[in-house]
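Input: a single structure, listed below in structure tokens.
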Amino acid sequence: MRKVCVVITARPSYSRIKTVLDAINQHPDLALQLIVSASALLDKYGSAVDFIEEDGFEINEKIYSVVEGEGLTTMAKTTGLGLIELATAFNNLKPDIVLTIADRYETIATAIAGSYMNIPVAHVQGGEVTGSIDEKVRHAVTKLSNLHFVSNQTAYNRVIKMGEEPNTVFITGCPSIDIAARVLEKPDLPIDPIKQYGGVGSKVDLTNGYYVVMHHPVTTEYRMAREQVTEVLKAVNEINKPILWFWPNVDAGSDGTSKGIRAFRENVENNNIWFFKNFSPMDFLKLLYNSNGIIGNSSVAIRECSFLGVPAVNIGTRQMGRTRGKNVTDIGYNHSEIKSAILHNLKGVQTTGENIYGDGASGEKIASLLAEQEYKIDKILTY
Amino acid sequence: MRKVCVVITARPSYSRIKTVLDAINQHPDLALQLIVSASALLDKYGSAVDFIEEDGFEINEKIYSVVEGEGLTTMAKTTGLGLIELATAFNNLKPDIVLTIADRYETIATAIAGSYMNIPVAHVQGGEVTGSIDEKVRHAVTKLSNLHFVSNQTAYNRVIKMGEEPNTVFITGCPSIDIAARVLEKPDLPIDPIKQYGGVGSKVDLTNGYYVVMHHPVTTEYRMAREQVTEVLKAVNEINKPILWFWPNVDAGSDGTSKGIRAFRENVENNNIWFFKNFSPMDFLKLLYNSNGIIGNSSVAIRECSFLGVPAVNIGTRQMGRTRGKNVTDIGYNHSEIKSAILHNLKGVQTTGENIYGDGASGEKIASLLAEQEYKIDKILTY
Amino acid sequence: MRKVCVVITARPSYSRIKTVLDAINQHPDLALQLIVSASALLDKYGSAVDFIEEDGFEINEKIYSVVEGEGLTTMAKTTGLGLIELATAFNNLKPDIVLTIADRYETIATAIAGSYMNIPVAHVQGGEVTGSIDEKVRHAVTKLSNLHFVSNQTAYNRVIKMGEEPNTVFITGCPSIDIAARVLEKPDLPIDPIKQYGGVGSKVDLTNGYYVVMHHPVTTEYRMAREQVTEVLKAVNEINKPILWFWPNVDAGSDGTSKGIRAFRENVENNNIWFFKNFSPMDFLKLLYNSNGIIGNSSVAIRECSFLGVPAVNIGTRQMGRTRGKNVTDIGYNHSEIKSAILHNLKGVQTTGENIYGDGASGEKIASLLAEQEYKIDKILTY
Amino acid sequence: MRKVCVVITARPSYSRIKTVLDAINQHPDLALQLIVSASALLDKYGSAVDFIEEDGFEINEKIYSVVEGEGLTTMAKTTGLGLIELATAFNNLKPDIVLTIADRYETIATAIAGSYMNIPVAHVQGGEVTGSIDEKVRHAVTKLSNLHFVSNQTAYNRVIKMGEEPNTVFITGCPSIDIAARVLEKPDLPIDPIKQYGGVGSKVDLTNGYYVVMHHPVTTEYRMAREQVTEVLKAVNEINKPILWFWPNVDAGSDGTSKGIRAFRENVENNNIWFFKNFSPMDFLKLLYNSNGIIGNSSVAIRECSFLGVPAVNIGTRQMGRTRGKNVTDIGYNHSEIKSAILHNLKGVQTTGENIYGDGASGEKIASLLAEQEYKIDKILTY
């Protein structure tokens, strides 16, 4: 039995890895070790930990690592604190491999602890290109990793170009698409999402259509976070349909984003926005599938929504460079342009989606590779 | 005035950056901020901090960050602790750019703190290829950095291939060569190195030639550290000339290496080895220049010695992949082969050296680029 | 010049030490070193740092140390992170003495760093008795400290009984009373506190009287924090006068308290409560002096308000054991009893206050003792 | 079943708690949770962890926490790092009580993590009086603890005087005496201690008597550590019997002590000293029982040796204030006085020992109290 240790640090990371966890648990040659840390433990960011436990996964260690503060200093400190404690956890759990997910800033701690401790590191979602600090983190993690599970051929090509050995890179698709595929099997909305998931804001009626917003601060532009979210709030407030707004991740600037949202809520009394913090990944995708479309700068709009065919208005630089499907309209931070883009482009699912980020079976593919591939720790640039 | 913050974490890193520090101090548009941390503060690893202060540099912060332990876990923890405290230091010092040196494991903390805090990161010695964890660290740091000061055309080509923008990569040579160049101007040995620098071991007479040994544990092979150093000890002990042995860096496995050395010293009474811990970078190069040659796995043998023309026997995988001059003979961990390689190849400087790692003016070149180049924090893979 | 390093970790701690900082700055034989950390840096808890800078104090180091989380685990981690970084700061600043304030959980880090580093530790407000974790922290800090500046004879007697040497304990009064004394010289309200200090809530008119509420979670009862604050909210909401509510400190349970407040604000639309986060210490006391009285469990009600003569309704166990003046009415967590206590007892300042916590000149007394007393690090139980 | 979590941070702490661990394991109502950290994990300080595992105890977590450095700064940082990680460990293990041992500087981390997390804290060996930083740590830990297991009536009286509630303080004796009692049942020496336990130094013959030395640096005098140990080395080197010297604990100053020992070993070739690092607690006591006597400043000389009747020469201030039996001779740091005291007083066991630190059944007593006493977290000064 190979012990595979997965470190989950945020709500969206759990969505992206859930089907891999399932597949590891079902694989006869693999044993799952699960560490939950950083914002995945915090109520303020949607308590991913509660969903993980509800889904029946056993958690080996919980590690609080988010250092509180207004800015970027604490992103670095959070990463350092996570690194210290992941080293202890790995030393106690003795995994055969660690799996790190995507490109959030704190995930580099997993890759460093693993690689420094001579534990092979597997990385999901390398080789993509975006804006923001994620770009640096993603490629640095690639250079620390031994196995690469990428979303598509473009990502594969980039990882190879960066000098990784071809026999360590695999196009598995992104496991977040697996959940989207399950959604397609039974796409009905939860009966009453507001009742089930709580939240705050204006009472909304979803029967005649609605939009979903998910908007994160961009760390390299964090001083502008408040202004940016305010443009988005203005745009969606002028639209004559309910808005379901999902609270952003922890990040430098999230306080700017949060303040923008709070100020809006204080000042604009009769708005049409309901705010959610917690949602199960699958219900979230169902909500998207039944919506008129998604607005903001979340990667969900680019990835899962391309598979589902949900139209998206993508705002600003955060997803810059990511491979796009035909569902995406890109736009800058001007509220009237955003409004116009929403009204013209977001009309709900019209056509079938595309497989550019996976075909719905990534979880099993990744588990099989984890069970079968040779584990190595040494590597060297191919040129 | 641009504030350039340099973080020095080890004795050899100081040697590699000293002329850059001088050049920053002399440049009218640059102000130096200096942080000394990790093994650079520890007596056991040669107290680089003492040399830095003797050389007249003002230190802004000292940060103890080495977590003690036998193995790899504490390498990760040391890096995490350094990251936490560097974030605080950068937040208090507010540098315009941070400079990180080469590829020791703890240097990634500097690159992460800088990049996460939206401070541009400059990296010296990217694009080289070696064995060990250094390989992963070096390229990960490249992916986190905004300016790259590389040693030679080969390194330049690799950094470009990894997807860095060409206008951010500069062939400056390695500043360690600058010190070697100064040595050539006045290459006489210090009058009595043992008197000046202390140390322990068998009394040795340097007048009829001697060898220098510098041997580090290889972190990805750390369980073998003791065996490996024992082979080296056996080999040099059978040679009929004095050996000047320099104590290794802090690294997982250094305890294995240390134990091997201590056991040898307990058991082999009439040996010919003198052990040093502390040496000024320039006196160390003078000692090399006047020696029969260097033995071990230090990068000095590959870099500075290629410039000086000092012949070298390089043992094992640690320098695997690094560009070599004609001064280097590679050999495995067998004591009789090592001995034979020493006797055949190490006959002191015979010819002029090569410029493959620089021409002796890297410090000024780097300082000029730090003063003149545009500072950016955003970047994106070029493909 | 003796270098006195003061560590401020929270908004109320700044209020308690401000006049000492002034007196140190004015004393010819003392030099002030100032470190601001923990919740004193966080917007969410009133950004004490902004007031400190506005008041013209120079800050030597800012240290973010609050680890985010729902409960008690992160109180311990916050203290550990503070301890690590205070050690570095003290090593760089090299103070002759460190001054630690009162009994918040994170202040023990200052006392440990100082005492372990052979720096004498001076403690303000030892020897008092209260409920909650503060009780343990306060007396543990006493055992780590070398000089004790206590509020009154009762506190003095307790410190002596605990085994401290009498020539190291001084009744200086509490410096928070100094600010209260300055308030009495010119007690007029700021022209429009809501305009000046912002905040959120129901618009209130202060011209016909108002109450002030300050209510903190009790860490040893932290699961009940939400219920407790809800009783207080209910009680004050039923009163026909404006309520000025001050946001609580960071503490385990503050999320419970915060949630209680947020839920109340969502559900009770036409309430009479205005919520403040930020206030200068002096304006806060003026606000109290001109109010009908104070409600909650803040030590301000016991200390400053006894001096000012402001009547107080003190709820629950948090101030249990603290010496009281005749201004205080104690009550449990029942909203109708709280309401009744408010209506019967809070009628504004009627008589002159009492000096049980000081006479208004504590800052100068403490500065003089810091300048004149012998500094020792060794001590031994007196029995 | 009550879960009792014991944190062991050093070799001597293991000796002091071993019989408690046995008794907890044998008690039907108690479950043992064991955390090993700090110097207990380090080879350099005798790898207590190896003995713990050999003795069959299951370790739940290993936590590397010693930050390396020459001085006192790193004592504080080590404590902070331990505190951070103990909080995580307690949060994952969820003990019903934590047990902290004696007064080493890093043990305060256990007491803080426990008390801040609302876990009751039990403390062994409170109420004693000594010199050095231990004095401050011990009493601060008492103020953070809820149950006190003290060695004797004097210690009991002091804990009560410090304001602890009488029904929480118990005279159990010190569990280190339990091991001494077992030694008396079968006091024969291990057949060849040098063969069994290794070490370095001059070959010694134990058949005609020998002395044992255990000498620790005193943290509040750490700059003098080297001089002090040198006086001891000189004194014992002039005596015509073998010396068995045990390597000191990790502490600021241990590098000074280590350097003093290393310098002596380099310079004095024909000495009579053998140096040990590792020893099982019981064999160590047997070695003492069969020796001429013990020299140095270890508490073993005061505690276990009073029970065994082994004569002791106690040097310097480190044990100042501790209750003494008639076996102890106190002396300052002058090598000729030390020599003279050894020759006059150390003649091996002559009479039966005294029970001032326990009667040999402390382990069971403590386990019973842990099983039966009410666990409380709140407390308040009794005066």
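First chain written, first letter: the chains are A, B, C and D, and each begins at residue 1.
In this text, a residue touches a chain if its C-beta (ideal position, glycine included) is under 8 Å from a C-beta of that chain, and two chains touch if they have at least 3 such contacts.
This is a predicted model, so every value here is computed, not measured.
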(message) Need the graph distance between chain C and chain D over the touch network, please.
(response) 1
(request) Tell me which chains count as touching both chain A and chain C. (result) B, D
(request) Taking each chain's centre as the mean of its C-alpha atoms, give the chain farthest from chain A. (result) D
(request) Identify the chain pair with more contacting C-beta pairs: A-D or B-D. (result) B-D
(request) Could you put a whole-Å number on the gap between the CA centroids of chain A and chain D? (result) 51
(request) Go ahead and note the Å separation of the Cα centroids belonging to chain B and chain D. (result) 41
(request) Any chance you could list the residues of chain D touching two or more other chains? (result) 64, 73-74, 77, 81, 84-85, 88, 91
(message) Quick check: in the complex, which residue numbers of chain B touch chain C?
(response) 61-64, 81, 84-85, 88, 91-92
(request) Spell out the part of chain A that touches chain B in their complex, as residue ranges. (result) 72-77, 79-88, 90-91, 105, 108-109, 112-113, 115-118, 129, 131, 133, 135-136, 139-144, 157-158, 161-163, 219-220, 222, 252, 320-321, 377-381, 383
(request) Name, in rising order, each residue of chain B that touches chain D in their complex. (result) 41-44, 64-70, 73-74, 77, 81, 200, 255, 266
